[in-house]
Amino acid sequence: MPDPFAELRHELAVANRILANEGIIDAFGHISVRNPKDPSRYFISRHRASELVEPSDILEMTLDSKPVVPTSLRLYSEMVIHGEIYKVRPDVNSVCHHHAPAVLPFCATGVELMPLFHLGGTLGSKVPFWDSRDEFGDTNLLVRTPEEGASHARALGPHFMLLLRRHGASLAGTSVRECVFRSIYTTRNAELQLRAMAIGTPSPLSPGEVEKCGGHNLGSRGVERAWEYWVTRLQKAEAMWAAAGLPRLKGLAEVARPRTAGLPAARRKPGKKAAGGRRR
Amino acid sequence: MPDPFAELRHELAVANRILANEGIIDAFGHISVRNPKDPSRYFISRHRASELVEPSDILEMTLDSKPVVPTSLRLYSEMVIHGEIYKVRPDVNSVCHHHAPAVLPFCATGVELMPLFHLGGTLGSKVPFWDSRDEFGDTNLLVRTPEEGASHARALGPHFMLLLRRHGASLAGTSVRECVFRSIYTTRNAELQLRAMAIGTPSPLSPGEVEKCGGHNLGSRGVERAWEYWVTRLQKAEAMWAAAGLPRLKGLAEVARPRTAGLPAARRKPGKKAAGGRRR
Amino acid sequence: MPDPFAELRHELAVANRILANEGIIDAFGHISVRNPKDPSRYFISRHRASELVEPSDILEMTLDSKPVVPTSLRLYSEMVIHGEIYKVRPDVNSVCHHHAPAVLPFCATGVELMPLFHLGGTLGSKVPFWDSRDEFGDTNLLVRTPEEGASHARALGPHFMLLLRRHGASLAGTSVRECVFRSIYTTRNAELQLRAMAIGTPSPLSPGEVEKCGGHNLGSRGVERAWEYWVTRLQKAEAMWAAAGLPRLKGLAEVARPRTAGLPAARRKPGKKAAGGRRR
Amino acid sequence: MPDPFAELRHELAVANRILANEGIIDAFGHISVRNPKDPSRYFISRHRASELVEPSDILEMTLDSKPVVPTSLRLYSEMVIHGEIYKVRPDVNSVCHHHAPAVLPFCATGVELMPLFHLGGTLGSKVPFWDSRDEFGDTNLLVRTPEEGASHARALGPHFMLLLRRHGASLAGTSVRECVFRSIYTTRNAELQLRAMAIGTPSPLSPGEVEKCGGHNLGSRGVERAWEYWVTRLQKAEAMWAAAGLPRLKGLAEVARPRTAGLPAARRKPGKKAAGGRRR
């Protein structure tokens, strides 16, 4: 019986490896996607570094972050980060949690992240903080219990990025690709802010600019162009897998191709083929 | 019918990939070249990350940034950056727009870029700022309308580099290779300024030094040596394309070779073959 | 006669190469492991850069840091760092000494390292300093005599990381894998502290958090996940050895596999196969 | 007729490529070696990026920096940096000139380089500054005339590293390998100083420590270990040449092997084979 979620598993494995290849996730961190056919379930890899995740590692979870099919495989200890956000945010279809080096200094100091260039607008109007110590006292800082997960989701509120004091960041998106895009460009924005603060006073985007940039960046246009780029870079990095005699991830050539761009005009949506080229 | 612009398309694809390989352009940014046979037209890639651009992606545009041949392909939304500069600067034959990490802190803070070493002299006597907010209020920060493009070109004035507040940089050159050279070494200079400001007060080149350095660096000698270097590095990076089973860019070995150096003496300009070796 | 320590030699060679591949050790630095069958001996490579160490380079030393079998091979000049720690710390089974770029600024300034994120908790409750000048005056800064080694071990005391003024760092672990994990994540924490101090006042983990994090990170779960990741990255990096026509390290596929995860359930410890998946 | 300098040309090509591979030299910069059989001559590459230099690019120069054999090849414009140092420093057999990113901030600000860790001791007791403006006013900052070269050599005086304001650094060594070692580790020390100054007040090595460290590091032991490491890294990087269909540098396996370590005892100098292993 063919797996009805084969494509979704593959896309999530690709997303995992892109986040590793672009320096967002190292041995730790994870990304998930909501089941598009059943919003009360989501998919996430078993306990494994993102760079190594294969489609067969992807398991389905309930929103209580229990495996739908019992398994003896090790699971991530922080899955409630994902499940509890899906519970309270029906608009969110993908969640990423990471500890990117450029973001951690904000988690360590409490300095607020500001949108400093158009692509950084994807961090939205505000990036709130969550401190596990406030409600739960001394812990190992991981978000492991349903209560911790729910508190973390409340702190995110209606926003798309949350900083965890002394820990890392969690991000939400309406799709896997948007979530990857936001994870990468908010990290680039954090890097920029670190460097800008060292030479002067950075002046952020205005609220109106943030709104307009956020809209643009998360349009399929920019996301698809970046996706093609990241997948192609991944393909080249993965050439090392084969050279090392390891099985590489299949099917990257297919997902590298943007879903609409570059297709023969006949396969496009009618009305989109303007004589002067398409722009927005 | 052979394409009379085949060599030009190839060089522009190489320039795109060099800028990606040297860390100047990621998924976003672009470089163009004026049509050497018709100054009222220019060439630029379709909507695609620079690292992936192939000669067949290169399209011809009018100076109003409309495709000469109607196309259903997606186009960059910021082509007016290029077209409007070509309109008012007949000395300019290539334009690059990017968001290099080392340059963005200056765009975020308004700190002026200063030439701090001889190769940084290529940024010229002054790097002006352009703020879209001044004339156009809240936008998504992209330069998309003819009015925005014209305002941006006015801000560049007679200079060769322009910083866009909260956005990135635009650069001009008398040739593609010079534009690539300037894009890379002004970014190296920005990196240097960031680090120098962290430990002391950088003292810039004098106006006389800038003038003399600019002249030297943009002489064909330095540009050709750097071009051979960047193309060779690109060739090695492109080895990963083949290893990944992807088609790599052809003809790099040919363009790596400097146009004059290393040729048999007989093919050189007479009078250049001095017994004591050629230096300047 | 088969070498009873073949697996141990191989693991130590892998550890050497991981530390090189992850940027902790360059041409200089070393890691050792205590003989699990004879606590009065330890294993360490001959005088060689870690990136190049092969199992056949690994020699056995007494705790006085003399080779058990006489050899004409060159030996590291700082082996007493290892031997003298093993003498006074029976709980320690692996020692690493390095000069990672992120850690050196603390050695140069005397600024204290603080645990700033959960994975940095592995540096423990305190990272003491040792200054060779205090007891030994002007030296070449290397730790070469038994007296210097003993002084260095006393400075470490009951801790797991020691900073050497104007020199580098020494780390201890209960196993090779834990020592590698601590060496890498304390370096990431140092990097974080450098960046956090540039934008604000970092607030460290509380003592209670450190204790809980240290316990978690050094549990086999996190260490094994990271180990699989680092070995896989090493495998890909080592593909270049083969491409260069050099003999690559054998057997990496075997050690990449975590010792328990991913095994058929039947081969796992009974009682660990919970219907809801295993988490902690 | 076999080239009596074939080995020397090869070693200098390797040195060029190591300096590129380790990030010291990009498209610009050069390294030379004095003719061991005729101290009034030296060898240096024709005008070419170091990463690309082949043995056949190496030409012989008089100390007036004129080619011994007339050539139509382009030559570096700054060869007097090398020739004028060789004239006044009979102890120097190799000279390197570069613009490494970590060193340039000191050239831009006039902040003094300090030895901050044992391997940085190789910068010696003092790193003087030379400012072309002092004697020559506004220039293009390059060191091109015999007068400029002589002034530059006077500024170096008895030292081994010189900083050129708004330009770069020049280094001297008693051999090519020592010069490469000094170029790399003084750059690592500069990187360290940049980071240390950002978090506190770095305390340098004492004069006595510098003297003892300098002696140690430049002993053949440390230099040979680092040389094997850098050559092996270069071999792996060069695998990309072959993958790209380009001719790679031959003979690296031979020069990677340290001149004494690892040889069968019988081929070593008598008296060096101590039962307890060799250390210093």
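When the chains are written out, they are named A, B, C and D in that same order, and each has its own residue count from 1.
Here is the rule we go by: a contact is a pair of C-beta atoms (placed from the backbone, for glycine too) under 8 Å apart; a residue touches a chain by one contact, two chains touch by 3 or more.
Source: prediction; values computed, not measured.
Fitting chain A to chain B on CA positions gives a rotation angle of 90°, reported to the nearest 5. Chain centres here are means of the Cα atoms, and by that rule the chain farthest away from chain C is B. Of all residue numbers used where chain B meets chain D, under half belong to both copies. The two sides are thus made of different residues.
In this assembly, the C-alpha centroid of chain A lies 32 Å from the C-alpha centroid of chain C. For this pair, chain A with chain D, the centres built from the Cα atoms lie 45 Å apart.
Annotation for chain A: residues 193, 198, 240, 243 touch two or more other chains.
In this structure, the chains touch in the following pairs: A-B, A-C, B-D, C-D. On chain A, the positions that touch chain C within their shared complex are 26-28, 47-49, 51-52, 66-67, 70-77, 79, 99, 101-102, 104-111, 133, 137-142, 144, 165-168, 193-194, 197-198, 240-241, 243-246. Taken in their complex, chain B has these residues touching chain D: 116-119, 121, 188, 191-193, 195-196, 198-206, 208-209, 212-213, 215-216, 221-222, 225-226, 228-230, 232-233, 235-240, 242-243, 253, 261-262, 265, 268, 272-280.
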